[in-house]
């Protein structure tokens, strides 16, 4: 297994700068942010363009990474692919296809993204739209030898995404419907255990149950604020008690999570995703956060 | 403390029949269903009229209860008092006022009901409407010497009530806003610990924190189906894993819950609410269910 | 559900005496010991003959039970039906058939027994013999309208039964093979949760997984002696740490076990089996033990 | 085993009144308060004289108890037998001897008391005085066929008893020294599990380890106030977090505690001691408390 | 955050020797022992003089530390500042003021010490003396730009310090009184989680509740000897079951403790305090102990 | 303490190759496989000959190890020393003596082996044979200044070793009999905590209880497959749920296990034994496994 990081936490650094620092700290892979350079998306940890797929220079990217001895674990673009606004949805779907094209051109096997969700509609409603939107997207990727890895983040952090969040792909029950709809081996998960912690879903069992769907792994951690849970209860959908942390500072037992991954034969990448508000604000703090996370994971990875 | 039951589980029995049976089994109080006799409401355990407040004969009711040595712990009418349809909302609000009138006439101090909720709107939105609708309702009751006890059931069981349920009054954070809006001592809780179990809110702490707001107590129990929780996670809002049970068959530690009630000086009624699908279908089964629940609670009540 | 007891704990009382006492203490059913009157079996709680099937007077039995308002929940004969000694095995199989005959004549639907086991052979070896011996036995019962309920006691208490015990039917994995071999609905379990406690098998999950195979229920309890477990470990097969107790004095959560039974629709009998060495030696002590067990179970049964 | 109560909770009732009520509620034994009638002691639950040993009319006591079908489980006198003030100590020791005399005359086998303690001195210092004071007291009782049962209450509730409390006999380490000093079988424990709960001593293990020293059993319960423990820690000696409760309302698992007592062959009395502030103030409240406690224990006792 | 150590574990090494070794093993800061060189104090881990504040050569100290690339996290002097003997108390208070002077001269912002305690007096009594002694001491420091960090060690290990220990500042309840008495921001805690473990106080909650009072952090670990706790109970004040260990060998979850510190914005020093008897006796063993502790903490610190 | 590994996981590498790699990865000691070069034993992780004791060149071995700066922690030969076949048993006993001779010649103080067991006989039967076979073996070693360290692996993985496994020395109860039979200080344990995990024996308590018998320590880890345990129960002797893992990927708390070893003064070697099927098949995978295990243990060892 290899240890990498998702570049989206460094919106102000160039890919070269990120690569240089990451390599110097012993990271082996990058999961590279590929939002549209034209931008527009403004939520935290999104809208970052470390590879501009509209102006891809594959050789330059390869050269850059080779200079630092790094590999690309996946291209990353996490929009709302089931956005209720049709025009917006088609726009992000279209950009996703471009990221797939870029992956093929770069020889990168995986593109990470969200299933998307209309937060105002129930899961069954969203599943109906999923069945329309997603099969052609996966076919597009499959034909190009690229796999789509859906991250299991519910994307609900505040009343802005209430109540359904902007990513349907959050639980085993939903994944079963997704994979029944699209059995293609080019469609799977970018598994992040942190979102399972606060949903109170056993992440070790998930590894065993969905072993053949785990295409990529995100390492993020989570704390449940006990007092917040008492005051709001689970019906508040995490609002008031969901606390993202860096790996090693939260409640995930990384030794056992990685042990499960080894047991099922997963041998790709563990890519640290940084969303811990205690290590934000300056690149220096972000880097300190990544180092702590690396230290927590590195010993278990060989 | 006294042990009673909510009559709504016996839609096909007369009040006399319910009273006779309840008294013979050692119950001391009845919480009497007062939905409009004209009916209309068709959800399970609702729409029952054991006292028709549109045609109240207080003396007859008193005589009936006296015959069986029973008291009335509260009048029960649980509609959606914040229904998004204005006409419907005003209709149920109006009937609620009639139930308050009946309580005054009967000398019953408490009317149990729901705060109500527009399930399609977020909690802050619903709280805005709460601030309009509820102050005059409580004033109406207060002026008549009647207290309004809001049950803390979220009223979400299926996608029909998705995502917000039909009763906002579900958690400490919400209660705090409610009681800040309406500080009147005539406004409080009909506390049911079962709904706190699956919301993962500590029901013992609730007793201590809201001691002076506990006007009435519902005894219902709850199981969390572990496999359902694994498959759906807490974001499914209980769908697939919330399992109502009779007291003594679920996860509530009744000894500790009642110990907390004694500790804070609560000395009114514990009223069994029956919603266990394993004991439904015939009056015989419903009665067996009440007997099991009574056996679980009776020893702790004196 | 009804509450009963297994008469084998009263080897020195007549059926009349047992029935009179049981009825006076509120038991509703008897599970009647039917070992051969000629005797021979000498282990504790076996070899008792409260009905002599070789000299059955069905009318007298019915009259006796009617006098005390009791029903028969099952006939009980628990030998080693897979005994390695062929002659002995055929003898006990033959007596088992007589007990089935008696059940038919008495109108009793269930005969409780053991699958049996050659303790010196491995489970796969014993399963081979099971496939020869048991299908005709179940057919014999099925043809007579009688169901065979196998108790899940491993029957290993000391080195005398080392290592396999004298009853193969101890775990879900074995049951699956049994029921695959004999899918007949006349073949099922006399489920006793106590043996699952020390085998560290979740008895609530067993109720849900084997709901349609639960023909009868034994109520016995179990303690794991922690110090004995430390000294011997699970490889000692319970020797040194398996401590049978009366229901209410052990580790079984009877409220949750019975709640599971209610949830799956089980509505026959819970029959107390008494093997607690702290309440042995005199009929008086045995009776005190049964009373404590009854008190623990009675409130949950209606 | 029998179920009884300690009469000290009824300072304003006569022995006749206590006996009449206790018998009517199904209690079988009384542990009778024998403080000096002249009084003086003023702490709660002390200083009560239901038998005046200075003016004992044994026949009258026997007649009174016979009228109500009750037995005396023990005589109760709980002063500070190691009081630092010599004159006071000799006075209470002398009264203790009179209670022993009364026990002999009444044919009661057990006198319950405290070891006593000088709270300002360390345990080793107090043990030194114990070795002087107690051997003759036990000899006095032994010669009269009476056993001394020391309750294991540390007697520290506030800074008045700081830091050592007024009863040394609180833990296994201390008991070992006590019983090494006085091996007499006439010297043992009046075991109360509640004091072990907040000392974080395993009460089930105590039953097995001190089986032959358990002469009498007190049933009182205990809650640890978690927030009080957080704020004060164990060094505060219970102040701020020790909460006495009635059996059935606290943290003691009575089923397992009594199961342990049965397992070691204890077959005397379980005597309810009432010190729950939620059920104090009127005789009516005290009685309600005893009834709840009786209900919690009664089913397990036969 | 930085990782350092308290030099008191090396009584036989010079500051230069300690600094050289610490720097070579990757430590970044020293918390330097400043007991009076004239000595006198003889308890383990006390009485050490790595800087003689009576003969301070600030330049030499700075040069020494600069040679090894180390910083001073705090000056350390832990006497009984509330000693019952007035002369002794004034002597140690006077030396504390000298350590404050030294800190100012060295540009060190923090002096670590104990509140002190008269172990024979109750906490309220000691708090009375605290209110006299401490305000001027804190003012003295504040005027010099130095903060006083009180370690939360109860300083009770044997009957010598019975019952109150020699440091009052042990629990949230006491801290609240201390900080109410002295609200100055120059007065806070040198927080050591190990002492909270055996007091059964939640150290994570302490971090959140006292975030703005945490001036310095000690890393020591603790085991509760379960058998010792059973035998002695919490009333023994840790005697027989309090087992100091090195970080990484005890019960503190350092990942979560440090996660809490990061969450509240603590960004000073974690200073290892070595009191593990398994690593004492030779400087070699002490160093091995520090290395194990460093390995446990280092990965979490960036 | 030192960190080493058992060479048996590298059957295809020479001792030189193993030593070179081990040293380069920071291991300090080797536990060298000494099965007969003629071979014959074919189970996984056995039958390996890194030192051929039939053709020992002690100087060459010393030179080889010196080249890589390694020490030998023990010689390893793990046959069934109580094999039921007399000829085979004598053969392996004889080879064991040769390994002892080699140890003496190499100046290695410890030979690790199994007690052996006839799996078809009960523990008491095997203990009888133990009393014949083992005393002369230990005497042989003792006379040569070599200690015999028995590993506590039950050696039962499938029905081939059913039911008793091929190594009696599995639990405290057995060890007590072994050490009573052979009190010699030259006889002790090669303690492996992993086998205690699935036997549900507390490995920390074992360290304290058998401190003076721990001659060598194996670091292997273990997972209990919960679903396998549910299906098979403990009577299946681990079949279906015993899952060996590498240290750091299983359920052993290595920090606390090593803390206990430090506490009792153990200061020899922790030797990693590799039997994790997720890291088998190629030398590359085996090495990755050792590296993960090293990373888990290394920080705690100094």
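Observations on the structure shown:
Chains here go by letter, A, B, C, D, E and F, matching the order in which they are written, and residues are numbered from 1 within each.
Just so it is clear, a contact is a pair of C-beta atoms (placed from the backbone, for glycine too) under 8 Å apart; a residue touches a chain by one contact, two chains touch by 3 or more.
Being a predicted model, the structure only gives us computed values, none of them experimental.
Common neighbours of chain A and chain E, listed by label, are F. Interface comparison, C-D against A-B: more C-beta pairs in contact at A-B. Comparing the residue numbers each copy contributes, chain D and chain E share more than half of them at their mutual interface. Between the CA-based centres of chain A and chain C the separation comes to 55 Å, rounded to the whole angstrom. Work out the mean CA point of chain B and of chain D, and you get 43 Å between them. The geometric centre of chain B is 64 Å away from that of chain F, both derived from CA atoms. Counting partner chains per residue, chain E shows two or more touched chains at no residue at all. The touch graph of these protein chains has some other shape, matching none of line, ring, star or complete.
Of all possible chain pairings, those that touch are A-B, A-E, A-F, B-C, B-D, C-D, C-F, D-E, E-F.
For chain C in complex with chain B, the touching residues are 255-256, 258-259, 262-263, 265, 298-302. Interface residues of chain C, counted against chain F in their complex, comprise 120, 122-124, 154, 156, 159, 162-165, 170-173, 196, 198-202, 205, 229-238, 240. Looking at the complex, you find that chain D touches chain B at residues 223, 243, 245, 248-250, 278-279, 288-289, 291-292, 295-296, 299.
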